[in-house]
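Below you'll find the structures, each written out as structure tokens.
Both complexes below contain subunit A, partnered by subunit B and then by subunit C.
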Partner chain A sequence: MSRIRSISISFIHMLKFVKKDMMLLAAGVSPVMIGAAIRFGIPFIENLLVKYTGLPYVMEPYYGLIDILFAAITPVIFCFVAAMVILEEHDDHIDRYLFVTDLGRRGYYISRIIVPAVIAFVITAALLPIFGLSDQVVAVEVSLAIAGTLQGIIIALLVVTLSSNKLEGMALTKLSSLLMLGAVVPYIMPKPYSYILSFMPSFWTGMMINENNIVYMAACVAVSMVWIALLGIASKNK
Partner chain B sequence: MRLRNLLIWDMRFQSRYGFYLLYTFLTLFYIVVLTAMPSSWRGYAAAVLIFSDPAAMGLFFMGAIVLLEKSQRITSFMAVAPLKAKEYVLSKVLSLNAIALVVAMILTLSAGGRNIVAVLVGTFMAGTLFTLCGVIVATKITSLNQFILATVPVEIVGFVPAILHLCGITPKSWGIYPANACMDLVAGREASMIGLVLCALIIAALFRASVGCVQKMWQEQGGVKI
Partner chain C sequence: MIQVSNLSFSYTKKPFIQDMNFEVHEGEIFGFLGPSGAGKSTLQKILLGMLPGYTGSAIACGTECNRHDQDFYQSIGVDFEYSTMYEKLTARENLEFFSSLYRQRVRSIDELLSLVGLENDGDKKVTAYSKGMKSRLNFIKALVHDPKLLFLDEPTSGLDPTNSRMMKDVILEEKKKGKTILLTTHNMQDATELCDRVAFIVGGKIFALDSPHNLIMSRGAAKITYSWLDNDIEKTGSCQLDRASEDVTLKGLINENRLLSIHSSEPTLNDIFIDITGKTLV
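Our next item is the complex of A and B:
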């Protein structure tokens, strides 16, 4: 009970921290704005492209792919903000003091990464049926939200584990955000060559939507868990 | 001489914090992506990649660079050194553009582009525009989160019209918009002369503004942590 209370206090402390820079407001509003831009902007651009090219469709076959990327955006934004806070606290030597309190190292990472990721999952699962472009069944939409959330956790852990200041953190964010692009691979690369990138969790999300087979979600979760376990071990040794 | 030393120092700083390594990885990744695409898409994709990444590098990283320099008290040293603010800004523009130009050339060649000179000129102009915007914003903020938020409007104004212009969605007459003129060059196409002149004028105005902002930052010398 004491651990849960510590995690709650630690999470509220982080919220107060990001509220100062208006980042809390921006992170809260941006999923809705991005969702609205996708829901209304993409079909509008599609109509223009169809008129311009004379083709029956241009972007429509990729609506599922756009949904995958939308499902990953909210968790990635939330986890990126959390990663920046962790780096700031590391530079200020605050984290090591928190580790020896009731919160502990595990509680610290739960309050900084897992709690924002869970909130991002709830928001994504709520927004995807509203702003999603492709008509998916509920199970697939929830799977996309889970896949996006796992992706956000992996990116945050990559940034936190491999960088020692915010500049390196920015560089790593840029590099690690490429992990999201694995979803594009099943659409543009033929088998078996596409399996070269099967180490990317988003590759399996792309497979799930492209081949309309939810079984691939199991592979996505398994690959994500390997990433999280390895990064968890690396962060302990940091 | 001062500019040359500053340029070398900036390049060493960028190398130490993994910029060259990062862009080696990114360039390899982009080459793989371009190779996997149908040949008819490669030119457009290369133009979008060059314009939105290496050319816009200054806009993405400048906040972190300036904040790190502040936290390491490098800006205090610069304030008392016989160094001019315009040399500091010029060094940032040239050092980041050096990476952008190399990446742009490699991506253009791998996409089968031929008009290399136009691509490099377009990348340099776009890179200068974005880096100067980055310098102006970076001198006014105290945390990286503030920088990330403050650059969003610049990204929207810079990227959205240019990408729409590249795809032919907006009218051709919009080629006079400076970002669109740069995008035309980056895509190896003929660019509007009015657009390029406007772009050069904006670069001159931004350079003047950024020099003023750097001078003000050096005078203030507030401590921030990164």
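Our next item is the complex of A and C:
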């Protein structure tokens, strides 16, 4: 109970901290804006393109792909905000102090990465049926939310492990967000060549939607877990 | 309160902390003295459970440091050498947050702020604090949960003489309340004044461990240096304080009232450190 209490306090403190930073606050509210832009903007553009080109569809075959990317956006943004807070706390030596309080190292990372990731999962699972473009069954929508959340955790760990300050962290977030592009590969690259990028968790999410087979989700979770385990070890040794 | 036996640790294949043995008793102020890179901070990290990969044994508050549970930190307060505060928050907000992480009853924030002369600055943002103010705030942060064991790393660093005195008085007050204090410092004067016992650490090894008084006395008694005029030329002589009556020249000069000056001096802990370890505290 004591651990849960200190984790909650630490997480609430992070929210107050983010509230004071306009850039991080803006990042935190952006998923709803992005969701609305996708839901209403993409079909509108699709209509214009269909009228202009005379083709039966232009972007529609890729609606599933857009949903994959949207499912990853909320967790990635939330985890990016958390990673920035972690890096700022690292710059100010606060993390090392928190490790030797009741919160502890594990509690600190739970409050900074796992709790935001879980919240991002809930928000994604709630927003996907509202803003999603492709008609997916609930199991697939939940799977997309899980895959996005794992992606967010991986990016946060990459940023925290490989960068030594907030500035480097921002640069690295942009770079590591490329991991999301693995989802595009099954759409544009034929088998077996596409498997070259199978180390990217999002590749398997792309496979799941492109081939309409939820079994690929197991591979996505397995690959994500390997990434998280390796980055967890690396961040501990940092 | 702390028992360390056959403790060794290494960051690489090369040994760093080597076969250390010592105990720190309850209610004692124990000093780690040594130059930069001697292993003081590593030792502190081991005792704080932050470096679990050691061999031998390091027990703090009855718990083996690499097998501690979260309750371990209820009894420990740490004042790192560097500031560990949220700069965008006020001192009071910082203390409120850190104290809220502990489940036991915490000390009054107003009382702690006045303890180090920050009672009028509690609502200022930490970013507006001077180095000395941050250092005092950092120190009281370690006291918020009233821990039994305190780790203080250079607590008087960056403080002016008045605030340094104030800080040392607070440390001695905490000792009176029964707290065990581990002090890491380069400052030999602080160590002499505050510590019941000190350990000289160089290259990951303890070179000497005793009370500052015993260490000083072990290297000879105080010395007397005197001078006199001999045919208008100033001459000097010296002898050990406890053998002054055997110095014929000095006795003669006293009898003839010809002493020009006389001074006594005893070795400092710094002299003893250099003498024992062959290193300076840089």
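The criterion applied here is as follows: the second predicted complex is superposed on the first by the 232 of 238 C-alpha atoms of A that agree within 3 Å, B and C clash if a C-alpha of one lies under 4 Å from a C-alpha of the other, contacts with A are read in each partner's own complex, and residues count from 1 in each chain.
FYI, a residue touches a chain if its C-beta (ideal position, glycine included) is under 8 Å from a C-beta of that chain, and two chains touch if they have at least 3 such contacts.
Remember, it's a predicted structure, so these values are computed and weren't measured experimentally.
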Contacts of A:49 with subunit B and subunit C, given as first, second, both or neither: first
Subunit B versus subunit C as contact partner of A:28, first or second or both or neither: neither
Partner chain(s) touched by A:102 [first = subunit B, second = subunit C, both, neither]: second
Contacts of A:166 with subunit B and subunit C, given as first, second, both or neither: first
Partner chain(s) touched by A:92 [first = subunit B, second = subunit C, both, neither]: both
Subunit B versus subunit C as contact partner of A:9, first or second or both or neither: second
Contact residues of subunit A, present in both the subunit B and the subunit C interface: 92
Subunit A contact footprint on subunit C (complex, rising order): 48-50, 70-71, 73-74, 76, 78, 80, 82-88, 97-98, 100-103, 141
Contact footprint of subunit A on subunit B as seen in their complex: 17-19, 22, 25-26, 29, 33, 36-37, 60-61, 64-65, 67-68, 71, 143-146, 148-149, 167-169, 225-226
Residues of subunit A that touch subunit C when the two form their complex: 2-3, 5-6, 9-10, 13, 17, 20, 92-94, 96-104, 107
Residues of subunit A that touch subunit B when the two form their complex: 18, 21-23, 26, 45, 48-49, 52, 81, 84, 88, 91-92, 165-171, 174-175, 178, 181, 188-189
